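Take a look at the structures listed below.
You will see chain A twice below: alongside chain B first, and alongside chain C after that.
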Partner chain A sequence: MRFGTYNLIVLVLIPVMFVNTVKAEPVQTQEYKIKAAFLYNFIKFVDWPDEKPTNEKTITIGIIGKNPFGKAFESVKDKQVKDKKVIIKQFQSLEESKLSNNQIEALRRCHVLFVCHSEKQQIRKIISTVKDHSVLTIADMPDFLESGGMIYFLKEDEKIRFEINNTAAKQERLKIRSKLLRLAKRVIGEEISNGVKK
Partner chain B sequence: MQLKFLQVGLSEIYSRYRSRHQATEHKGFVSNQSEKDIVKQIAQIGVARAESKPQCMMKSVYGHLCHPYKQMTICIPPYLRSKKFVFVFICIICCIGPDLLANHADVKKQEDFFDMSIEELMEIEVVSASRQTQKIDELSAPVSVITSEDIHYSGLTTIPEILQFTPGVDVRRNDRSRYVVGVRGLHSRISDRTLVLINGRSANDSFFGAPDWLNLPVLVEDIERIEILRGPGGSAWGANASTGVINIITKKPEDVPGYFGTTTINDFGDTYTHIRWGEKQGKWSLRLSAGYEDFEDSDSAGAGIFKSGFPDLNPLIGFDSYSARDFMRNWRFDTEASYRLSDSTTWSVGAGHSNFESGSNEIVGYYPQKDDMGSLTRTFTRYDRVFDDGSTAYLQWYGNFLVRHFPNVIDRYTTNENHIEGQLNFNPVDEHNISVGGNLSWLRATTTSSGNPNETVFSDDPYNEHWGGLFLIDHFKVTQRLVLEGQIRGDFHSDNEDDWSTRASAIYALDDEKNHNLRFSYARAFRIPTIAMRNSTKTSVSGLFNILPLQDHLHNEDIWSLEAGYTGNLTRELMFSANTYYQRIEHIIGVNNVTVGPVTNSTFTNVDGAKAYGAECELAIQNKKGKLSAWYAYNVLDTDQYGEGMRALWPAKNKAGVTGRLFLPNDWIFNTNYVYNDAVLGYGTTPFDAHSFNRLDLTVAKKIADGRGEFTIGISDIFNKTNKVVLDIGELAGHETPGRTFFARLLLKF
Partner chain C sequence: MNKTKLQNMSIKQKLTAIIMLASTVMLFLGITVFVVWGQIDARKQLVSDLRNYAGVIGDNTKAALAFSDKKDAVETLSAVKAKDSIIFACIYDKQGDIFVRYERSNTSEKIQSLHPPKEDFSFENGHLSVIRQIELDGERVGIVCLLDDMSEIHSRLVRDATVAVGTLVSVLAIAYLVSSRLQKLISGPILSLAEVVRTVSEKKDYSTRASKQNNDEIGSFIDAFNEMLDQIQKRDSALVEARDHLETRVNERTEELTNANKRLKLEVAERKRAQETIQEWKNRYEAAVLASGNILYDWDSRTNQVTYGGDLGGILGYTLEEMQGGLKRWMELIHPEDQSYFKNTIEHLIITKEPAHLEFRMRKKNGEYIFVEDTGRFITNYRGETIRMLGFVKDIAERKRAEDRLKHEKERADMMAREALSASEAKSQFLANMSHEIRTPMNAIIGFSDILAGENLAVEQKQYVDTIRDSGQHLLQIINDILDFSKIEAGKLDTEIVECSLAVLLNSIESLMRPTAREKNLDFKVIESEGLPSQILTDHARLRQCLINLINNAIKFTANGHVYLRVSLKEIDKEAFICFDVEDTGIGISEMQQQCVFDLFTQIDGTASRQYGGTGLGLAITRKLVELLNGKLSVRSEQGKGSTFSITIPVGVDVTKQPFLDRYKVAEHIESDTEKKELPMFSGHVLIAEDVKTNQMLTKSLLNRVGLEVTIAEDGNQAVQKALVREYDLIFMDIQMPNMNGYEATRVLRERGITTPIIALTANAMKGDDKKCTDAGCDDYLPKPLDRERLFDKIKKHLVLNEKSMGGNTNPSESQADELTKSCSIGTSESSQSGEPTNMDERILDWDKLMNIVGDEDLVREIVSVFVNENRERLDKLTTEIKASDTEAIRFYAHAIKGACRNIGAIRIFNIAQSLESAGRTKDFEAAIPLFNELKYELERVLSLLSSSNWIEIAKQEKVITSERLEAYLACRE
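Let's turn to the complex of A and B:
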């Protein structure tokens, strides 16, 4: 028995009519969605010194370089951490051009700074730029901790893990709470604080 | 709501179809075994990987494939042309249509990982790029994954024993050192319809077909996972991935730092010992593994009673002298090293070696009762690169070098295989994820005869053959919910027909979170005849059984497949999946037997065709406390002719399994595996060796020394003191093998 021509046309055309031919949004990998959520969560377990000169009502996550997160941070605009609104700031790649003084100041005002892969040759320069400004630096590039970075994302058994350079964090007067240190795969300068803010 | 409506609509169609056409019974739906935490990387298989949350179990396919079988015509019975059907179909489309039109860029509908804790985020598996990186919601074929945790807590030390607890996989044990394994059946020692890979590199025997499972240079505790693709996988791998692909993936050197040792002993005196050292220093990481395995033969292990399939021939074949000689001793060595040349390039190299000695078995009445010995070396070197725009590529060479003394077939044979392959993955535009690649391979094989007239004669020795292929994969995200994937591959072979493979899939997410996904696929693959089929002749049992030379060129065996599936995350911990398939196999490479009086002459030839159909489904729940999964597989194979000489075993029609694991207080772990298989046919005639079986394994483990050690006791195959005889194709006699086995294992790592 063969399917009638009419019904064949119906079966083919109806679905085709509904196919969305509008250009789809850029693909976000699940990996960076999860890392975005990690960044958001890290804020809960890190204490910045009172002297950090920032807006009391906001916490800033900076992303420097070619942004792999896409729109992963869109939904965080409606959320708060420690009674503060989270805002995202994108900084251009140092590969492309030097930062202006205003941009450098903005970089130093970030609470968290994610260094993208495109900046792999500029890691040390970026870290020295934000030195002494209590910026929690994070990346997913190997040797990041050895270059002075504070949190390094890695994958183990297809799951996201992280390592912490607590020595670098303490040098910047950042207190990483014990819970986060315990969850880390490796901690450089392992001294688990009692998590009490002084 | 949409899902329910869809189910209702399809249920209506299916129930009417059954009532009018007395459709074949499908009791329940077979499941794809998979686990919550698995299947992110299926790259090398060339199909969508994903966290293979099995697909939904719906009520079977809503189409029906018509005869004549030479046309792939999808026919729908007349009642489906009724107004009611059209109405139902339009309603279904109306449900799906608005979602297709919706702007899925609305980020309010994206997964909200921000509501999860760090601990929960750490439990999520992430897809990483390989052949073609894809997620569970973009699976283009049903895939099951056996994790390292499954392997470890099973207590098992042989890969086929581990595979048998997977939906759709048929495993039969010929004797203590020989197994036949096939995805959805068609398994035998010379059947290579299931492609076996180790880290994406072929492990099949290029002379005879199926791999020698117990002589692969892989140690079970070095396995990170085993991925089992059900269905044709030729569009990524080329020849001989007809019924499925099994990819054994080992742990990366950087994931196994430190010292590790384990030894297992059972009540027969079998031992399995494995030691390993891993190190990561700067840019280098290295893994060294070595192991020794020793099986007693079945007689020593309390089984081994011989049974003859042709009692009248017993005097001729010297049956009274037969004893179970299926012992095995195997030394294995496996190493892998990787060096990070830069942040974006990695060079890796490795070698594995297996040196084995085992007892021979009888084939077509010839039982020399000399030891089978061999040495297999596998080496590779590979260069991986990640480009600034996110593209990835690799280039590798690998070689398989075998020397084998196979006394009941040929005194000695050698195979030297070399393969060069490469692949590039890139996104020309955001919606398209493209992979292109290919391989060039060459083989030199030689044989040496002892002059015994019962040995198999291989003409045209030595053999120098080459083959290669090119493939293209496009993974197209049409919308946030709809993915289309196309795979095409062309292959050439110096001594076989050139051929091609393809897979085309549509994957549709029923919800924005992609917790419920439908998949529809069409695939084609092919199988080439091995050297043993093209070039062998044999005279056996004083001329009563003979393999005659080929008269005609053997055509490739073709397989076409239509597939549908559903995967559903019912809750964060509970998942359900089901898939169904219909396949048509043409030009089956089998044997034509002509019996004149007492003499049987066999000739390898393309026999008729067959159709295969069935379904698999699985329900699984997994959390930090443990895991429980249950699956059912229904796999049918109908040959066009009764008694068709396929030279392979039929799949067990009904298979079912349960796996349970509990992480108890004070570092106790309890694990159980159960599997049931229906009887298995061979040749389609009244089976000599068919028997159904139940198997239940239990293990209890306790971590010791602050987690640096573990002690395990277990019992495998509780229900069967011994297992009945299983004959492979060509065997006239066989013996029972031991079943119920008590074992203990000690593991230390630091």
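Let's turn to the complex of A and C:
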């Protein structure tokens, strides 16, 4: 009798919890959670040149503009990548104010720079700012690759995919591994691989 | 069946079979190992291959998993198609859910694998499954799982088995051929030997020999066989020879046996005799032990067995069977109270190995307990361990009873001795009381006789008085003798051995005895020999007493001629003795009488007794005293010519170191003493501790007369205070005082460092009082009532004598020889010159006496007023104590009243008070009441007289007031 009651409660509760979770997380949040995980995973498949001035123990992900991630990084916050601690750094939108030299230096020290929607007009400026500092630039805006960005997130059949501008990466002496390249929907500057894939 | 078949095979067949079997087994084992090893190896290889393969797949799907790209993963996974044996492949994501899967289309099996297997690889149902973790940057992102149908391994097994069987068959064929050839090498020689043996046994020909072919084991076997044949041949010939000798040897042995038999018989007979002797001794011994009435025991400590002998039944009543059970049984019979004693003693003795001697109680068969004595010894082995205890147990019940009786008797005897002792003490006390009670009236008799003798009396009256005085003195002497003697008998006479001057002793004896001798017109001399020491160590008082006794005796029994005291030194056994010989020219003693002259109550004869008087105690006492002084008393005499009594005592000092005796150096002093007719004069300040007012005044007036300044202390406390405040030249200390008695006061003063001479005054004229006084710290001691001469003597002794002297008013009739009688009280010796001697006891006041002592009327007035007040008070107190029946308090007040009354000459009251005092002392309350009533009556009357204003006129007129006269006077006053 007691056992039965217990089971009953469990059976009733499970769907309720499930529904709640789904309802509690909007599609937008879910999407950025995946993107945050992707940002971490990119680091694993990209090799920075030895000259990249960096703190030995940390890898910095910069986010410039109006941050859409919210609490998306919470789940990956304490993870280490390549035996290094990952630090998330928020930068102010370039539209709102001019960056100080210190801020520019900080931007350039980033390993990864995610450019938010709010910087749509500033993309080129941002890319030129970090040019020659081996910063892996990522955004989820179309034409980002064409503007000189390196990785572009897109959605296909409700799945998050990405495209890579390997040429831009090579220019910044970043080496993107073939395993990653193979997974990209489109790779600029790697026609053969792309061809095989699609 | 098989076994017998195998056994019956020929050696040839056996050898072939052995070789074949061995080859088959070896080969089979070898091939099996080869095949199994091949299989294990193949499996290992397969696992390794598959894991590598899974690794490659995992590596290639790493990115796909990271970015959840299933398409790419499926593409990679489909590469396993190239390997036919893989029938299933699957990739799980990091949650363990299937990410992508591949399944070979032609397989009939359905594989349902929702979760990855746990083990890295496992063989299951003829399949091998392998998993491999997929890691990205150290983080697990998924798992690859591959399933192989192991078809390669199975086909390899079939191939290997085929090869093995073929090899086996061909090898066996070769082995058969080889073995059938080689077996001949071994079987050949054996078969030929068998042939030889058969020949020997059939023909009995031991000379045949086998031929040797090889030098192996069979070769040496053939050698041994041939040697055996040799020995058989030799044994055959020896046997024939031995058969011939056998008969003679049998004969010899038979003879030897007969001799041995004879010897044995002799030995048996001898042993039997010895046993009989032993038995005889044993019987004798048992009988002896039995007769001794003891139990013999022998305890073996190793087996704990006890063997008993002797009169077990007689003493304890048990049979030997009942005593089974070793020491434990023995212990059971011991009295429970004695068991631990027995056990502890035995345990102790086992260690010390001393002989045992115990006494304890044992229960007889009839339940009664008897005392037994156990005497035993321990026997030790060569290591010194106790192994046996052997001894006797004796019934000592009778002895114990005797001991008990003896103990009882001893207790009774002790009790009787104690009783006797207390009886003796009672007797001594009685004698002491007697001394006091008898001496007091005696002193009165003698004292008054002396006074009377000094009066102008008619010749007839003078004779009467002399007779009274002589009789009194005689009686006193007898009493003193009896008391001395009983003290000697009771061992109560102490001697005080001190160094004393021989000159003083001889001078005093000479001056004492000369007048007595002169009275009888006898010549008395002290004759000393040369070289006498000036000091000797003895009790001079006792020695003096002895010498006076002897000289008195000599004078008594000598009608004319002389009495000499010869003093000389003698050496006996290298010890110096001093010899006093009293030589007379008296009646002498016959030889027969000499033998009993020192016995008690003996005088020379009845005639002498009547003629010379005496108790017969004198010589007996003298001898006892001399013995007390470690000396000897002897006599030499010739009847009619005189006797010589000799006292020989040890000198006690080293004569050579003593100055010689010079009697005349001190003689002058003695002479002046003897010629003394005047009061001495002293100067100094004296403290008198005395609670009784009249006594204070008396003593004070006496001392004032001889020039001494006097301070009075009322009791012991005051005496101490006063003596501490200023220094006195002499202290008189009454013993019986309130608050603090004399002993205590003296002790306190001595403790405080006061060295002033203290003379104790005590009314208890007992021997031993002086000891108490000196113990307390007093220098000297005077009995009460005070004797004036003795008082002055003591003062002289302890004070520096003043040069001046004053014409005395002492009674010239007093003879120096009467020293013994001088213990009369001041009162009696200073008695009235006039007065009627009738009814002396009835006196209640004596004016002249008072005046004589006190010396002036005012002082008398004062003393009497104190007397009245004090005694009123005392009488009141005494009345109270009578009501309270406190005999001790009664005694105290009676004593006080007695003393006071004596001083005013109230002899009647004095006597009553004295009786009351002794009643109080003996706690005789019955007797006290009538005495008290009488005392009260008399005392009240006296007090009433003395409180009247004109009592002095009456006293002056009457001089002596008796009870009768007082009655008349009081009646007339009313």
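Definition applied: the second predicted complex is superposed on the first by the 162 of 198 C-alpha atoms of A that agree within 3 Å, B and C clash if a C-alpha of one lies under 4 Å from a C-alpha of the other, contacts with A are read in each partner's own complex, and residues count from 1 in each chain.
The rule is simple: a contact is a pair of C-beta atoms (placed from the backbone, for glycine too) under 8 Å apart; a residue touches a chain by one contact, two chains touch by 3 or more.
Quantities reported herein were computed from a predicted structural model and do not represent experimental measurements.
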| item | value |
| --- | --- |
| Touching partner for A:K125 - first (chain B), second (chain C), both, neither | neither |
| Greater chain A contact set [chain C / chain B] | B |
| Which superposed partner A:R186 touches (first chain B, second chain C, both, neither) | neither |
| Touching partner for A:K82 - first (chain B), second (chain C), both, neither | second |
| Contacts of A:N41 with chain B and chain C, given as first, second, both or neither | both |
| First, second, both or neither for A:E156, with chain B first and chain C second | first |
| Touching partner for A:K57 - first (chain B), second (chain C), both, neither | neither |
| Interface residues of chain A shared between complexes with chain B and chain C | 38, 41, 45, 79, 159, 180, 183 |
| In the complex with chain C, residue positions of chain A that touch it | 38, 41, 44-45, 79, 81-83, 159, 162, 177, 179-180, 182-183 |
| Touching residues (chain side chain B, partner chain A) in the complex | 40-41, 66, 73-78, 81, 86, 89-90, 93, 96-97, 100-105, 107-108, 110-114, 116-119, 121-128, 135, 148, 224, 255, 340, 343, 388, 427, 430-431, 433, 477-480, 482 |
| Chain A residues within the chain B interface of the complex | 1-4, 7, 10-11, 14-15, 17-20, 22-31, 33-34, 36-38, 40-42, 45, 66, 71-72, 74-76, 79, 117-118, 120, 141-142, 155-161, 180, 183 |
| Interfacial residue positions of chain C with respect to chain A in the complex | 60, 62-64, 66-69, 72, 136-139 |
